[in-house]
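In the two assemblies presented below, chain A is common to both, partnered first by chain B and then by chain C.
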Partner chain A sequence: MNAALVSLLLPLAGALLLILLRPARSGRWVIALSLGALVAAIMALQVVLDHGERNLLVGGWEAGLAIRFRLTPLAALLLVFTAGLHLLVALYTARIAHAAGKEDYWALSCLLHAALAALWLSADLFNLYVTLELLSLVAVALVSLAGRKAWKPALNYLLLSLAGSLAYLLGVALIYGRYGVLDLALLAQLTEADGVTHLALLLMTLGLMLKAALWPLHLWLPPAHAAAPTAVSALLSALVVKGPLYILWLIWSEIAPVEFGRDAGLLFGTAGVLALLAGGWSALRAPRLKTLVAYSTVAQLGYALLALGLLLLLHLNEPRLHAALWLFVLAHGLAKVSMFLAAGELQSILGSKRVTGMRGASQNVPIALAAFAVAGGSLVGLPPSGGFLAKWLLLQPLFERPQHWPWAVGVLLGTLMSAAYVFRVVAHGFDRARPNPPSIRPDRLAQWLALLPALLVWGLALISEPLLLWLGGLGR
Partner chain B sequence: MSATLFWIAIGFALWLLGLHGLLTLRHALRRIIAINLMGSGVFLVMIALAARHDPSDPLLVALVVTGLVVAVSATALALRLSSALATSKEHER
Partner chain C sequence: MSWHAFLPMAIVLSSLLPGLVIFGLREDQQRLRVTLNLLGVTLKLLLVGSMLYGVSQGSEYRFSVPLLPGVPLVLQADALALLFVALSSLLWALTTVYAIGYLEDSPLRSRFFGYFSLCVSATVGLALAGNLVSFLLFYELLTLATFPLVVHRGTPESLRAGRVYLAYTVGGGTLVLMGVALLHSLAGTPDFQAAGYLLEQVDEHDMALRVAFALLILGLGVKAALIPLHGWLPQAMVAPAPVSALLHAVAVVKAGAFGIVRVVYDVFGAEALMQLDLTKPLLWLAAGTILYGSLRALQQRELKKRLAYSTISQVSYVTLGVALLGPIAAVGGLVHLVHQGLMKVTLFYCAGNFAETLGIHRIREMDGVGRRMPWTMTAFSIGALGMIGIPPIAGFISKWTLGLGALEVGQDWVLLVLLGSALLNATALSPLGWSQLIVEREFAI
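And now, the complex of A and B:
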């Protein structure tokens, strides 16, 4: 537990110190901090795998009144994931200064890291609300770093995300009014399938779906993610939308009564398939490169939602679907970081924000284009990437149960869509007839740093066995 | 009990009114007020639930206070963003 707390407090203290002291080389400090947080998170993962779940009651109050932090294997894995992605993005941003927007980026990205770490560790509904709100406020501030053009999408993002949190909070108030507790473990034993619980779960689910930009409540995401500075887009798509998704999973896998599972499963499954189709179609038609990548986030979240829906339809007793959901999150996070960094690199070197401006990128910016293609390969689900593993785990239970196989058609269509929008960019990149000349001298190291997360996601297959074993144990 | 139900109903009505305002209004300041109306509705529901007991449930009151802090900081950020947006529009003219 101590190691997990270090992994939470390091970025928090770092953010406050960066704001107060404003050191000259903030980038190096943030790299050191996130490296420290990563080591602490790995130690926490080691401890939790050896000794099982850990709990901490903050301030020594009794259970039910105290703020409870809970370290589960999944929470520890997500801590490692957060610290690792923050480190990868910080490495790139320290090299390419304009990717950050402004100097304030460093303190805010540390705050974002801390808010997410607190979210993974929280174990009661209200604490989850506070961390969620902290996360959105920091995310909005980060989007607005891009300057004037980003302020309008940032304000829209803030207002819609507040509406989402208030819907969630109203649900939490109803749950507390009905059961008198907020702790997840206590609620899990108490919940019954009655009207108040139904309404509360509906409000919480809608609020969280709005915050996670799950279809059809995703319309705020593409403008906000496309307008943000490159490093911020990477953090938002890879990490921030996963916070509300985690809470949604906690609510439906732990506290929701099983009677509601079927309806919710159908809702999530349908929304997931429609997200794959609608997001993929919009990505295919997007004129700008970053908008394309942002719509691909909407589409890819559809897989996670579909996995959650199928999990509920199969009454939660299919460990492979838990594993599929979290592998999607890990693989999408790594691939999306790489994709956004590569997109930023392509944009700034070729001096064009449009997809058609990528002509000749294979000659002039080969490594960044390779990063985009490799990350895209994981989104499509080519073996042996992390995306392939997740899709395989999602499909296996479907093939064993013939009555559920129509869902596989949705996965197939989604895969074709993602292949289409990835190849749309890559095909322009290989168009050497009228190449778009680079407007600045390419920085090789920065391109390699953008490629690094994509290589990691292809390496996920190498460590897949222990990963699948841990993730498969989540359903218990 | 009927008083509790009454205030919960008022809270829900405020929440819905705020949501309606957020979705239909275009002016930034009006939308920020709409969000605050939604927040007030939620807090009213929580206080109505807290007042069922005598003395009132301290945990819910603590939650409302925390929620107010969050709402104030979010409103501050929204106001700053909208005023920055308004001045940048004036410059463009």
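And now, the complex of A and C:
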């Protein structure tokens, strides 16, 4: 059996077994399973790098009938990314029990992992719909683990997510009615620039933007991510929103007719810059720490959206923009896991959810504050972090022609905005005049676990040259 | 990797590694912390010394690892780098010793010395940086490492100062990033070259080059405290005295001035700047800052604030020397970089001593200090005379050279600026040197 399928089936089987058997130490099982999935994903990546892209037909049916999975280098990379982050969060959650909310967390997080893995591997529009739907439902269930106060945000999330699914499904139905196929590779050769296709693309895009919380359809995200248990917030911000973004990229880079690309690119680019500014502004004003981090997700998704928009606007085969897009996704995922775990540590140790409650954190909770600051540095884009590499790649094609310079101004403003909200928290941490004393004894290991992904994202600099060249080649 | 390839990195690591270890120390491990600090200081001085010797024997030192596609992280030892590295290592050594004494028994020393070492590592790194991207990397690191030192006291005033400091320097850093990225898209990022590497681009991309120059100078001008970007420096005076010395003499302000030197000479080059007609605005900015800083210094009642405005004025001599684009003026500017560092460190140590020993913060309170602390006052007077530019102190030499350089390129009006600033400095600083000796007045300790 192929390693990629192992990486998908391990968490799926794990989820089912955890639900049925309810073993005593679920955390250890999940750590073992996600470690296995990580190893399998790395093997899959190795295989795909050596032998190139390959199709996986599930169930032994012929092409056309079977569920077709497609293992591309990018999908393999995203499999590694998902398994790695799930492992990190599981390690933290096994250490800090209250980060999970309830014991059901373990089964659901495995299911989330499986849904995402299936999403990265899917290669037709309907499969993508199924995985997307599964992903959203699990995510809603995870948010509601935080208890009664999370029900309202979770319900909002559910309703908007269903609306998004409906819009997407309608688009898929239109495509099916018009062309009679749903396979991405087949559609890529068939699509024409007519009214039905236009409408279908519009509907799918709307649905996906709603699910990925891309500006201006992001309003459900901050309450849901802020209300969820710490571990869930980390998974949602780092992984879940990337799923619909991936589908959006697939649709626009593979099946959308080139004629529509320019308009959509302009739209995505503008929305991206506005997301950076509006999300950053809201983060700057947010009274609570987790709300701040959640708004920062909205803002940072703006970078990815901008990269996607420019990709459509400039050239689809510009390798630097492809690399920038996926590097933003990776760097943001790592940094955001670190940031949410650090925020959880700061909150529970200092006993306050407010940003002003972080006073004196540099003395009392130094490692968690360091994790927050180091992860924040990557979000700001300080060299040589992963966020910097992505921004550098995004800026290069922009600077080559003076008519694209206004986009660079957007990036500049976004950088300043991110710096402002990150340092807002850090500056409170250095307040020694009115420190907020710790209410429980800090767990050093948990803080180091929060710091680890932040260090990894800065460590990307060590392998940046081969990484960037390779990522640039992923756009096909 | 051979020794010649590793030495520049070793100079950066000689303070970085002890700094990281110091972060992990407990507050009461005073002896170990002092040992580590002094070990780092000694090691760095030895390494810098061996590099100076090696370069004088004709060796070349170049460290390079891949960073971005086509842009390696380069650390190398050219003449300019050596000058700045030697200066900041020496001043850092002195300041560390001073700080160990100054901060005796105060809280959070491990954190303080950890960031202190990070700061100097960043400074040495940006001094040795061999291309713009490497420079940018250490430039940003310097901003981050300095912030905790500025807010070290943790009081509302120092937090406010820290916020202002960050707003200015992060903004400046972003502008530098944009400038570097823009230049990279035009001409790539080769190593710094003695006459710049952009001359061929002048005809084709004159607009883009002007924008890039403006971005870089504005971004670097924040740290170099050119008007109107100087607002953070007087505010940052709330930090402890060793930090002020670090900001003014060892690291931050110098980093900005050094960056301007690099951009003008080794990136753009005199020829290209002449063709783009960009030196005039820089010259005016520098001259304006010199006069404005001297003038504002006069109005300050607090000793440290007066010194801060004097720094704003003095550092612009460096920019002035560079902007004149003549060989003599450039020498004058660089000599001033060294001289200002030495003198300013002296003045801030003295100011710190006055504040700690006698509780003096305001200039009004200084009468009679000369009798109580004669040695400190003597040192202070020498520093002040140097700031004014009285022979035979080095300040005189740098100003003399700057004046000659201005005449050489036909910018005679610069002499008036130099003269005016010297007069203002004399008014601002010389009473401090005399009235304390002459007037004896009772004051509360």
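Here is the rule we go by: the second predicted complex is superposed on the first by the 473 of 476 C-alpha atoms of A that agree within 3 Å, B and C clash if a C-alpha of one lies under 4 Å from a C-alpha of the other, contacts with A are read in each partner's own complex, and residues count from 1 in each chain.
The rule is simple: contacts are C-beta pairs under 8 Å (C-beta built on N, C-alpha and C of every residue); 3 or more make two chains touch, one makes a residue touch a chain.
Note that the coordinates shown come from a computational prediction; the quantities given were computed from them, not determined experimentally.
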Practice problem: Sticking to the clash and touch definitions up top, decide whether chain B and chain C on chain A clash or fit. | Solution: fit
Quiz item: Does chain B (first) or chain C (second) touch A:Val47, or do both, or does neither?
Solution: neither
Quiz prompt | First (chain B), second (chain C), both or neither touched by A:Leu452 | solution = neither
Quiz prompt | Comparing the two partners chain B and chain C, which touches a greater set of residues in chain A | solution = C
Quiz item: Touching A:Gln363 in the superposition: chain B (first), chain C (second), both, neither?
Solution: second
Quiz prompt | chain B versus chain C as contact partner of A:Leu57, first or second or both or neither | solution = neither
Quiz item: Of the two partner chains, chain B (first) and chain C (second), which one does A:Leu16 touch, if any: first, second, both, or neither?
Solution: neither
Quiz item: Quick one: angle from chain B through chain A to chain C, Cα centres, nearest 10°?
Solution: 150
Quiz item: Between chain B (first) and chain C (second), which, if any, makes contact with A:Glu133: first, second, both or neither?
Solution: first
Quiz item: In the superposed arrangement, which partner chain does A:Lys152 touch: chain B (first), chain C (second), both, or neither?
Solution: first
Self-check item: After fitting on chain A: smallest Cα gap, chain B-chain C, Å
Solution: 41
Quiz item: Hey, which residues of chain A end up touching chain B in the complex?
Solution: 65, 126, 129-130, 133, 137, 140-141, 144, 148, 151-152, 154-155, 158-160, 162-163, 166, 169-170, 173-174, 176-177
Self-check item: chain B to chain A touching residues, read off their complex
Solution: 12, 15, 18-19, 22, 28, 31-32, 35, 38-39, 41-42, 45-46, 49, 59-60, 63, 66-67, 70, 73-74, 77-78, 81-82, 84-85, 88
Self-check item: Touching residues (chain side chain C, partner chain A) in the complex
Solution: 66-69, 73, 108, 111, 133, 136-137, 140, 144, 147-148, 151, 153-156, 159, 162-163, 166-167, 170-171, 173-175, 177-178, 181-182, 184-186, 207-208
Quiz item: Where on chain A is chain C touching in the complex?
Solution: 360, 362-363, 366, 377, 380-384, 389, 392, 395-400, 402, 408, 412, 415-416, 419-420, 423, 426-427, 430-433, 461, 464-465, 468-469
